[in-house]
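Two complexes are shown next, each including subunit A; its partner changes from subunit B in the first to subunit C in the second.
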Partner chain A sequence: MTAVTTATTAARNRRKGNHRKRNHTLWFWIFVGPFAAGLALFTYVPLGWSVYLSFFDAHNTVTPSDFTGLDNYAAMLADPAFRSSLATFALFTAFIVPATYALSLALALAVNRLRFAQAFFRSVFFLPAACSYVVAALVWKLSLFNGVRFGLANTVLGWFGAEPVAWLAGTDPPWYWLVLVTVRLWLQTGFYMVLFLAGLQRIPPRLYEAAALDGARPGWQTFRHITFPALRATSVAVVLLLVIGAFQAFDEFYNLLSDARGYPPYARPPLVYLYYTALGQGQNLGLGSAGAVILALVIAVVTVAQARLTGLGRKEE
Partner chain B sequence: MPINRRQLLTGGTGLALTAACGSNTGRGGGGSRPRLSQWYHQYGEAGTRQAVARYAAAYPDADVRVEWRPGNYDQQTAAALLTDAGPDVFEVNGPTLDQIRGGQVADLTDLLQGVKDDFDPVVLAQKTHDGRVWGIPQTIDTQLLYYRKSLLDAAGVRPPHSLDELVDAARRLTDRRTKGLFLGNDGGPGALDGTPLYAAGLSFVTPEGKPGFDDPAAARTLGKLHRLWADKSLLLGAPADWSDPSALIQGLTAMQWSGLWALPQIRKALGDDVGALPFPPDGPAGKPAVPVGAYASAVSTRGAHRDQAKAFVRWLWVQRTDYQQDFALSYGFHIPARTSLARKATALTQGPAAEAAHFTRAYGYAQPLLWTTAAQTAYRDALTRIVKDGADPESQLKAALRTAEAELRRVRA
Partner chain C sequence: MDDALVRAGRALRLVLLTVLAALFLIPFYLLVRNGLATEREITAPGWTFFPHRAHWANVRELFADPDVPMAHALLNSTLIAVATTLGTLLLASLAGYGLARIPCRHANAVFYAVLGTLMVPAAVTFVPSFVLVSSLGWISTLRGLIVPTLFSAFACFVFRQYFLGFPRELEDAAQVDGLGYWRTYWRVVVPNSRPVFAAVGTIVFIGAWNAFLWPLVIGQSRDAWTVQVALSTFTTAQVVNIHELFTAAAVSIVPLLVVFLLLQRYIVAGVERSGIDD
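And then the complex of A and B:
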């Protein structure tokens, strides 16, 4: 009798366990399903469709029938304007990544040392991150760096007797880079400063105490041998985010340099070029998709190489 | 019965899904009249939106819903035409050759039966491919060289009638506070586009379908535009671009390239202190040039009510000449696409408006339908480098020619 009761109880427990397991699976899909479906529908399907389109002559259609093989890829790689746009973003990345890194780290160190009003300054420097790229670009274009004598930058130059400068129109010297770089620095430095601040606050104070006991001088020596190495994980993440952000540059370039008739052939990042020539009015969706796939591959290769070099995700020893 | 959190969430999700699946897409609709969706780009002139809504409401045979689309309209329509959610009737700065060849717009040739000759031939040619008409021109817009008479008089400069005179006048009119000429914040390539080529007696595409600028005259004329840049005669970086007359009105420039649409604003601010000219000719084969363009009314082939949409377009843009006149001249300032209406328009009979109407008839050119976006980008890139960087015009134009030839081969295949 006891054996029968035990067996019945065990069977009931098994059923209950199975039921609970099924319930967990059900609830997992109820919660994750909509997001997984959204991700598949709005990210992976368009991605796959774009790869599919890149092998077709797809002018003004998303259901092409004229298979062209790798012609679109060959045409895109042979296009000097596309190659020049790749060079543009490489140049932009090479400058903006170290500049933002250095500036946000310097700001974080300065704010971290503050004895009073730290929250105030943290907020003040972070605030631009809440501003839209479009709005900031328009303020830079119409107010700070417009080319007429009453623009802010030209007013300051005027005090010293200098001629007004056409900041965005001139190409020699290419002042437009100053405008592009300053607007991005203003917008994103505060965000990365907050990441560095979080990293700084995770460094155990005992490391500094031990270093002081060993005779390390505060300032550069402590920064070089304690702070900077301790920020390694934060630095790797920041650089990765900065590189991806630079590769995806679009908003401020488009809003600063385009007009109703188009975009000039300089400082033209790949996304802007693809937008105009292929995915915008040109509606050459096959060629545009090939360009997008090439760009995605470049970003993937650079990201993987960077992750390997910097040991992203590797456990700290 | 108590409801726990999970039951509430499940029920809520179910309701949300039901609501999402059953949402009104705005298409189809009940009642006996078909529902048509009509798209317009956002006109800056006050009253236009109300006017087009009034025309739509007056149409007896369909329930026409007007959509006023701010933002980048051309790209919005290009994307919408790929889907079933696009408009039935839409105005378009085209349609482009790829839209026609891709079967995205309906053939409207039969709508113009008996009245085809009344439409401006230059803009109608731009809407015609293989002898079929793909868009009904609504109004004509053109661009002109406006100048402040008082500033030219003060500097002892006469209105320029050749490109060399324009370069010289711009230089002489430039001083510390005022620039000689405003061709747009990019220095001219965007606004002028092909106009200097046509002023040199050339074109984008020849009647035989070849590039029309494979000629030393093209390099010579475009090269002269760099002199304007090198002389520092051009206004650059103005708060409002060339399509807005603010720079001329505020005295930032003595001459400005802008649209006919700006004329009422200029006249209101400057009175008679303004003159208008076409882009001046250059070279022995040169002739004055003004670009003309027209938004056209087109019908999407993916609409559910294509025949009703065509009937509506015929009613509004062919039969209702009163509405066409009202649309062209009561709000903004455009030339009616029908020559009979343009002749009757009293607003176009005197002063710079009359001159503009004359320039349009005598010197107007429209961008050919065979001139694709890719060719346009290549040409404009070349022009930008010539104007701004002083790049060698011949080598720059050769690169643009290669793209133009490849595009022409593609679209004529």
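And then the complex of A and C:
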């Protein structure tokens, strides 16, 4: 008798449990469903479609019928302009990543140790993050590095008796690199400084106390043996974000270098190249899609290689 | 001796920081100076630190110029940034809460699907997304500019991480009172999470206001131009007077700088909270 009662109670509980579980699942999808559906529709579907289009001859159409196999990929990889866009990305990364890394870390170290006016300096360095690349490029192109005499850089050069420099118009020497790199440096350094500041504040003070007891001198020694190793995780994340950011560079290149005649044949990063290939005259969406797939693979390889090299995800020692 | 050295070092650091801070402010100075100057003052030989008299008339001239649809572009940008911010906050916070708190067999799979898109640079997907939006017939519409950007994996991730650390006792108390997930979420969780909403909201708003590539690709007709696209068109085509261009740029950035300075605390918290280095 008791046994039967227990069995029915158990069954009832199980039913109730199942019901509750269904209830959970239902609520889970009410909360997560709209977001998940949108993400699927606007990220995964386009990605899949893009892979599909990359195997077709798709001029001005998104429902092509002319299957061309790997032709788009072969054409893309054989195009010197595409390969030179990858070289542009590599060169840009080689400038901007070390420059931003060093400056943002130095600023974080200096601001972190300030006794007063800390909030002021942090705000000043962080403020450019509110500016768009379009506005920054406008200031750089038309005022700061304006190639005529009334540009600020040329005015300052004039004070020292130097001739005005055509910052963006010439390729010999390629001064445009200075303009391109400084825009991004100005705009993003403060953001990474904030990341480093957060990292610095997480370092337990006892590490410094222990180092002082061991006779480490404040300054370079402490930085090398305590601060820098303790910031490892932040450093890895910062470099990764910087590389991905450089890879996505479009806004400042487009706004600084293109004019009424179009974009010059040099300094085309991958996205600028893709923009003109896929959306320019002819709208070669098959070729553009193949380019997008190749770029996705490139960035995946770069990310994985970097994670391997720097040991992303490894626990801090 | 040592003491003097330390003090000298400290002073040097302060001087260096001040010089750098001044350099960092130069672009803002140029925006204001050129925005309030006459064409002749900007192009004059020899540098004038500031226009002789601030030309506020530039602002009126800008909005009266029929060739430069600045007012309309500002309206578009405002609509887009506000809608994107509200939509992202709603969708991503609900999803983040569901992923953090509601048990479900598929929770892990969904979470990894979200994380996966975090690693795909948005710019790599712009060609395929353009293809999708154009086949929906959404080119040059506000819909096309807003809807595809509403599903931010970054925001969802930040909310999930935050809700994982939300004090469970508060939710338990609500459930004892007989509230289900839905009402617990709106009555207990949201009101106690204002800072994270402020942080994500500010970051999303600034991102939406400053976005360029997507509005350039989708907002092709003049009616659908955002502020950034309008400014870019005039910068690259150079058909507008310099002073007018600078006035327009200054007008486009002032509201944002105010928001940024007022809510900086939240932005910093949001950047730190994104937990990318944990």
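Operating definition for what follows: the second predicted complex is superposed on the first by the 297 of 317 C-alpha atoms of A that agree within 3 Å, B and C clash if a C-alpha of one lies under 4 Å from a C-alpha of the other, contacts with A are read in each partner's own complex, and residues count from 1 in each chain.
Just so we're on the same page, a residue touches a chain if its C-beta (ideal position, glycine included) is under 8 Å from a C-beta of that chain, and two chains touch if they have at least 3 such contacts.
Since the model is a prediction, treat every value here as computed from it, not as a measurement.
Engineer: Pick one for A:C131: touches subunit B only (first), subunit C only (second), both, or neither.
Structural biologist: second
Engineer: Would you sort A:N284 into first (subunit B), second (subunit C), both or neither based on which partner it touches?
Structural biologist: Only subunit B; A:N284 stays clear of subunit C.
Engineer: When the two structures are laid over each other on chain A, which of subunit B and subunit C touches more residues of subunit A?
Structural biologist: C
Engineer: Touch test for A:L144: subunit B only (first), subunit C only (second), both, or neither?
Structural biologist: It touches subunit C, and subunit B stays clear.
Engineer: With both complexes superposed on chain A, which partner does A:D259 reach: first (subunit B), second (subunit C), both or neither?
Structural biologist: both
Engineer: Considering only touches as defined above, state whether A:W27 meets subunit B (first), subunit C (second), both or neither.
Structural biologist: The answer is both, since A:W27 touches subunit B and subunit C.
Engineer: With both complexes superposed on chain A, which partner does A:A233 reach: first (subunit B), second (subunit C), both or neither?
Structural biologist: Only subunit C; A:A233 stays clear of subunit B.
Engineer: Given the touch rule stated above, what does A:Y276 touch, subunit B (first), subunit C (second), both, or neither?
Structural biologist: The answer is first: A:Y276 touches subunit B but not subunit C.
Engineer: Could you say whether A:H59 touches subunit B, subunit C, both of them, or neither, answering first, second, both or neither?
Structural biologist: first
Engineer: Looking at A:T155 after the superposition, I want to know if it touches subunit B, subunit C, both of them or none. Which is it: first, second, both, neither?
Structural biologist: The answer is second: A:T155 touches subunit C but not subunit B.
Engineer: Would you please give the residues of subunit A that touch subunit B in one complex and also touch subunit C in the other complex?
Structural biologist: 27, 30, 34, 62, 142, 148-149, 259-260
Engineer: Could you please specify the touching residues of subunit A with respect to subunit C in the complex?
Structural biologist: Touch list, subunit A to subunit C: 24-25, 27-32, 34-36, 38-47, 49-50, 53, 62-63, 107, 110-111, 113-114, 121, 123-144, 148-150, 152, 155, 186, 190-191, 194-195, 198-199, 233-234, 236-237, 241, 244, 247-248, 250-251, 254-255, 258-260, 271, 274-275, 278-279, 285, 288-289, 291-292, 295-296, 299-300, 303.
Engineer: Which residues, counting only subunit B, touch subunit A once they are in their complex?
Structural biologist: Where subunit B meets subunit A, its residues are 6, 9-10, 13, 72, 74-75, 78, 81-82, 96, 98-99, 101-102, 104, 177, 184-187, 189-191, 193, 235-239, 241, 243, 252, 372-374, 376-378, 380-381, 384-385, 388-389, 399.
Engineer: For the complex, which residues does subunit A have touching subunit B?
Structural biologist: Against subunit B, subunit A makes touches at 27, 30, 34, 59-62, 80-81, 142, 145-149, 151, 164, 166-172, 259-262, 264-266, 276-277, 280-284.
Engineer: Of all residues in subunit C, which touch subunit A in the complex?
Structural biologist: 13-14, 16-17, 20-21, 24-28, 30-31, 34, 42-47, 91-92, 94-95, 97-99, 102-107, 110, 113-114, 117, 119-132, 134-135, 147-148, 150-151, 153, 156, 180-182, 185, 206, 209-210, 212-213, 216-217, 228, 231-232, 235-239, 242, 245-246, 249, 252-253, 256-257, 259-261, 264, 268, 271-272, 276-278
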